[in-house]
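Scrolling down, you'll hit the structures one after another.
One chain, subunit A, appears in both complexes that follow, with subunit B as partner in the first and subunit C in the second.
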Partner chain A sequence: MSALLSLRGVTKRFGGLVANRDVTFDVHEGEIVGLIGPNGAGKSTLFNCIAGYFSPDGGKVFFQGRDITGYSPEKVTHLGIARTFQIVKIFGNMTVRENIMVGAFCRTWSVSRASEEAEAWGTFVGLGGKLDYMAGELTLAEQKWLQLGRALATRPRLLLMDEVFAGLTQAEIKSAVNLIKRIKEEKGITVLIVEHVMDVVMPLSDRVIVLDNGEKIAEGKPEEVSRDERVIRAYLGEE
Partner chain B sequence: MNPDLMQAITSGLLLGFIYSLVAVGLTLIWGVMDIVNFAHGDFLMLGMYTSYVLYTFFGIDPLFSIPVAGALLFVVGVVTYRTIIRRILDGPMLIQIFSTFGLMIFLRYVIFAVFKPDYRSIQKTLLSGTFRIFGVYVGIPELVAAAGALVTTGIIFWIMNYTKTGAAITATAENREAAQLMGIDPDRIFSLSWGIGGAAAGIAGALLANFFYIFPEVGGVFGLTAFVVVCLGGFGSIHGAFVAGILVGLVESLGGYVAPPEYKHIFVYSIFIFVLLVRPRGLFGVT
Partner chain C sequence: MNLTGLFLIRKEELNLRSLLFTLGGVFLALAYPFVFRKPFPQDLLIKVLLFAFLGNAWNILGGLAGQVSLGHAMFFGLGAYTSTLLFLNFGVSPWVGLVAGAFLAGVVSIILGYPSFKLKGHYFAMITIAFGEVFHILFRNVDAVGGASGLFLPILDESFGNFYFGVNKIPYLYIILSFYLLSTLTIFLLDRSKVGFYLRAINSEEDAARSLGVNSALYKSVAMFFSALFTAMGGTFYAQYVTFIDPPSVYHLMLSIQIVLIVILGGVGTLFGPLVGAAVLIPLSEFTRIYLGGTGRGYDLIIYGLLIIVFAVYQPTGLMGLIRRRK
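Showing the complex of A and B:
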């Protein structure tokens, strides 16, 4: 099985600080992969390197076998990688429908087609009844669903999700987990999810990659990783 | 109704449509990238000179110069973005102000140098004459210009609200980063906004060339009025600029009716100051 996404020795520095050092891993089609690690481990930086917001200082990023290192975010989106942000970035003065339409326009010029897609994806993420609400009026959780629906409307093969669970209630976390499973199972979209809350991401992920101080310290099935000494140490902060 | 009053209202409306079109171009650029194009009025001036040159040297009626001026100023807008604006996008506000202000001076004095400061006009056009309706005199060039401005504003409104391109422009204006995530290249959108903004000014200039004096500083009057309109309508609001343009046209015309015409601008700028004081975000502006 060839990898959908491959990172090879990705390194990113900010001045003297090394945010990612020599990170290498693969994500295969149809997986849900959790990218975990304590705060400041370099998870978001790595996401930005994949999604085109940062250009890595070293190493390569491959998507479907194609070298996409240093591609701009919009180009990466067109190739089939979508991402959501930890802090929601929606178009607040546009309606829910219009927000998702902007995503759908990534693949079509037709306004009516984009509108249909907006309805479909809006319903999929549970906002079917609020299509004509202004996005700025939605609750935080709804804005997160909207962000997700909008990302899905760009028809990605790989979805990068940055801390979707942050700021959600237990009930909302539950529906988010369900939604992510449906994205994989019904839509066949591969998901790479950044999270620092272990107990949510572990049962959800097929495989887990652990970052600490910018380096990959473990990779494997959730139950294996959670027994790994280095991982336990990283999370408990022991020397 | 008093025929003079009706005359004033008619003239105000006709002029207002032109103001709307000029202001729509200005507010579009403003809304998308928070940059004020001080050279906007001079884009309009270039549109007028396009008509003048085509008429004087090639005998082309100004009616047919309208699309040419629109296309030319679209290019001028794009070139302005690519050569100047792109470099100062993230610069300090003062730099942004000086750069478009500098462009304004540059364009104005290039035209001074080439065409001299003379007032020119285009005589004998396809559109000339007036007709009388309900006791009101309507100039045919003015009527056609107003209609042309209305149609052009309508087209821009349609693009902004009912096309993929418009959605991309609106999304970029709202959140550049999120727009990129949706596969939108902000650089292309900025470029396009300057093109559309320039074309709006160019078309307005070519429409005006049918009946208005053409001189190097003509952009100053229209540019300044466009600022008032944008401020009144709400920064970045297309329909706000449309409504406010008509209002300003009416105020200017009615001002010239109730007071000596040379005082008409006092009314316009009084509104400007009043809006700044009472409702700084304008009629349709979002906070």
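Showing the complex of A and C:
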């Protein structure tokens, strides 16, 4: 099976600090993959290297077999990778519908078409009743759903989610988990989740990749990884 | 492709009331010179419409895309100088000069926009000041384009083809009115198309816009292109109307700032804000000039400054925001 996304030896430095060192892994079509690790492990940097916000200093990123290393964020999106932001970045002075329309315009010039898409994706993420609210008036959780709906409207093959659970209540985390499952099952979109809270991402993921100090230290099924000694040490520290 | 699908026109924008409102406004402007027959009030409306037009042009880049330019005089000057130089040196019709100037300003805006858009916020505003001043100094020092003494347009037969009507101000009024309406319609449609959505998204959260596939550099350039194009048309109009141009009158930093102040006062990013802002500020500056005479130069700017402070503190959305709140 050929991979949807492949990283080969990706390295990213900021001055003397190596944020990612020689990271290699694959994400296959139809998977939910968790990218986990303690704070400062380099997850967000790696995420930004995939999404086109950073250009890696070494290594390659392939999407559907195509070398996309150093591509701009907008180009990456057009190829079929969408992302959400850890700190929500919604267009506060636009309505929910208009926010999602910006995403839908990725594939069309027609305003009426984009508006229909916005209704469909707005409803899918649970904002069907708030399409004409200003995005700035939404709660944090709703703004996160909006980011998701907006990203989905670009019709991605791969969805990258950065710390989607941070700041949510238990009930909201539950609906987020359900939503992510539906994205995979109903829409057939592959999902890569960056998360540092292990207990949420473990049951949700088909596979997890663990980063520590910028390096991949483990990869596999959640139950295997959670027994891995290096992972336990990274999270709990040395005895 | 279904063309009507390209624009989001809401029903409430096309109802009878807004149609009557618009037609009424146009009718008033058309009838104005027959009510006010003296040159001064006619000149006043022409200047108001010229600055409303320039404000509209600025608003495409500053209001929609959120890129504050303090150098728009360079496009105004390019329009004024291109048509004038083409006419003086080659006898080219000012109408052709108008198109040439607009196109040249558009091209220049793309060339200068490429490095400038790498800068954000204040830094973008600062580099536009620098580019504006480069044009100002360049034209003041190159004798081939008139240098510091400027250029006079000769007296011609009064005709539409010559874009010259002597002391008759009515044709000038109608021409600038059509320019203004053209720019307003362009913004109305642009704002309701994919481009408008993209510009507002860039304005609001550029990183998020890019994550949704918005090529922000490209769309900012598109906004700057249209903005420069219209501004240059205003420059050609000015040259034909005043028949004398020199660097201080068409390339001055104060002109750039005046355009921005008008839009801020009227309402940044609003369709009729520039008209409202110009209708307040232009008479203000004309009257202070008259009543305070030659020594009064600059007093209008003091009042401008005070108004801006008051608006920034109490009414950041401008006069249009005030009108909207009343509804």
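Convention: the second predicted complex is superposed on the first by the 238 of 239 C-alpha atoms of A that agree within 3 Å, B and C clash if a C-alpha of one lies under 4 Å from a C-alpha of the other, contacts with A are read in each partner's own complex, and residues count from 1 in each chain.
By our rule, a residue touches a chain if its C-beta (ideal position, glycine included) is under 8 Å from a C-beta of that chain, and two chains touch if they have at least 3 such contacts.
What you see is a predicted model; the values in this text were computed from it and never measured.
S.K.: In the superposition on subunit A, see if there is space for subunit B and subunit C together, and answer fit or clash.
M.R.: Result for subunit B and subunit C: clash.
S.K.: Between subunit B and subunit C, whom does A:A41 touch in the aligned arrangement: first, second, both, or neither?
M.R.: Neither partner.
S.K.: Given the touch rule stated above, what does A:V23 touch, subunit B (first), subunit C (second), both, or neither?
M.R.: neither
S.K.: Between subunit B (first) and subunit C (second), which, if any, makes contact with A:M101: first, second, both or neither?
M.R.: both
S.K.: With both complexes overlaid on chain A, does A:I193 touch subunit B (first), subunit C (second), both or neither?
M.R.: After superposition on chain A, A:I193 lies in contact with neither partner.
S.K.: Between subunit B and subunit C, whom does A:T154 touch in the aligned arrangement: first, second, both, or neither?
M.R.: In the superposition, A:T154 touches subunit B and subunit C alike.
S.K.: Which partner does A:S112 contact after superposing on A: first (subunit B), second (subunit C), both, neither?
M.R.: Second partner only, subunit C.
S.K.: Is A:I90 contacted by the first partner subunit B, the second partner subunit C, both or neither?
M.R.: both
S.K.: Which residues would you name on subunit A as touching subunit B in one complex and subunit C in the other?
M.R.: Dual-contact residues (subunit A): 51, 53, 72-74, 77-78, 82-83, 85, 89-94, 98, 101-103, 105-106, 108-109, 111, 114, 150-151, 154.
S.K.: For the complex, which residues does subunit B have touching subunit A?
M.R.: 162-164, 167-168, 170-171, 174-175, 177-186, 286
S.K.: Quick one: which bits of subunit C touch subunit A in the complex? Just the residue numbers, please.
M.R.: 1-2, 5-8, 192-194, 197-198, 200-201, 204-205, 207-216
S.K.: Over in the complex, which subunit A residues touch subunit C? Could you list them?
M.R.: Spelled out, the residues of subunit A in touch with subunit C are 51, 53, 72-74, 77-78, 82-83, 85, 89-94, 98, 101-103, 105-106, 108-115, 147, 150-151, 153-154.
S.K.: Which residues, counting only subunit A, touch subunit B once they are in their complex?
M.R.: 51-53, 72-74, 77-78, 82-83, 85, 89-94, 98, 101-103, 105-106, 108-109, 111, 114, 150-151, 154
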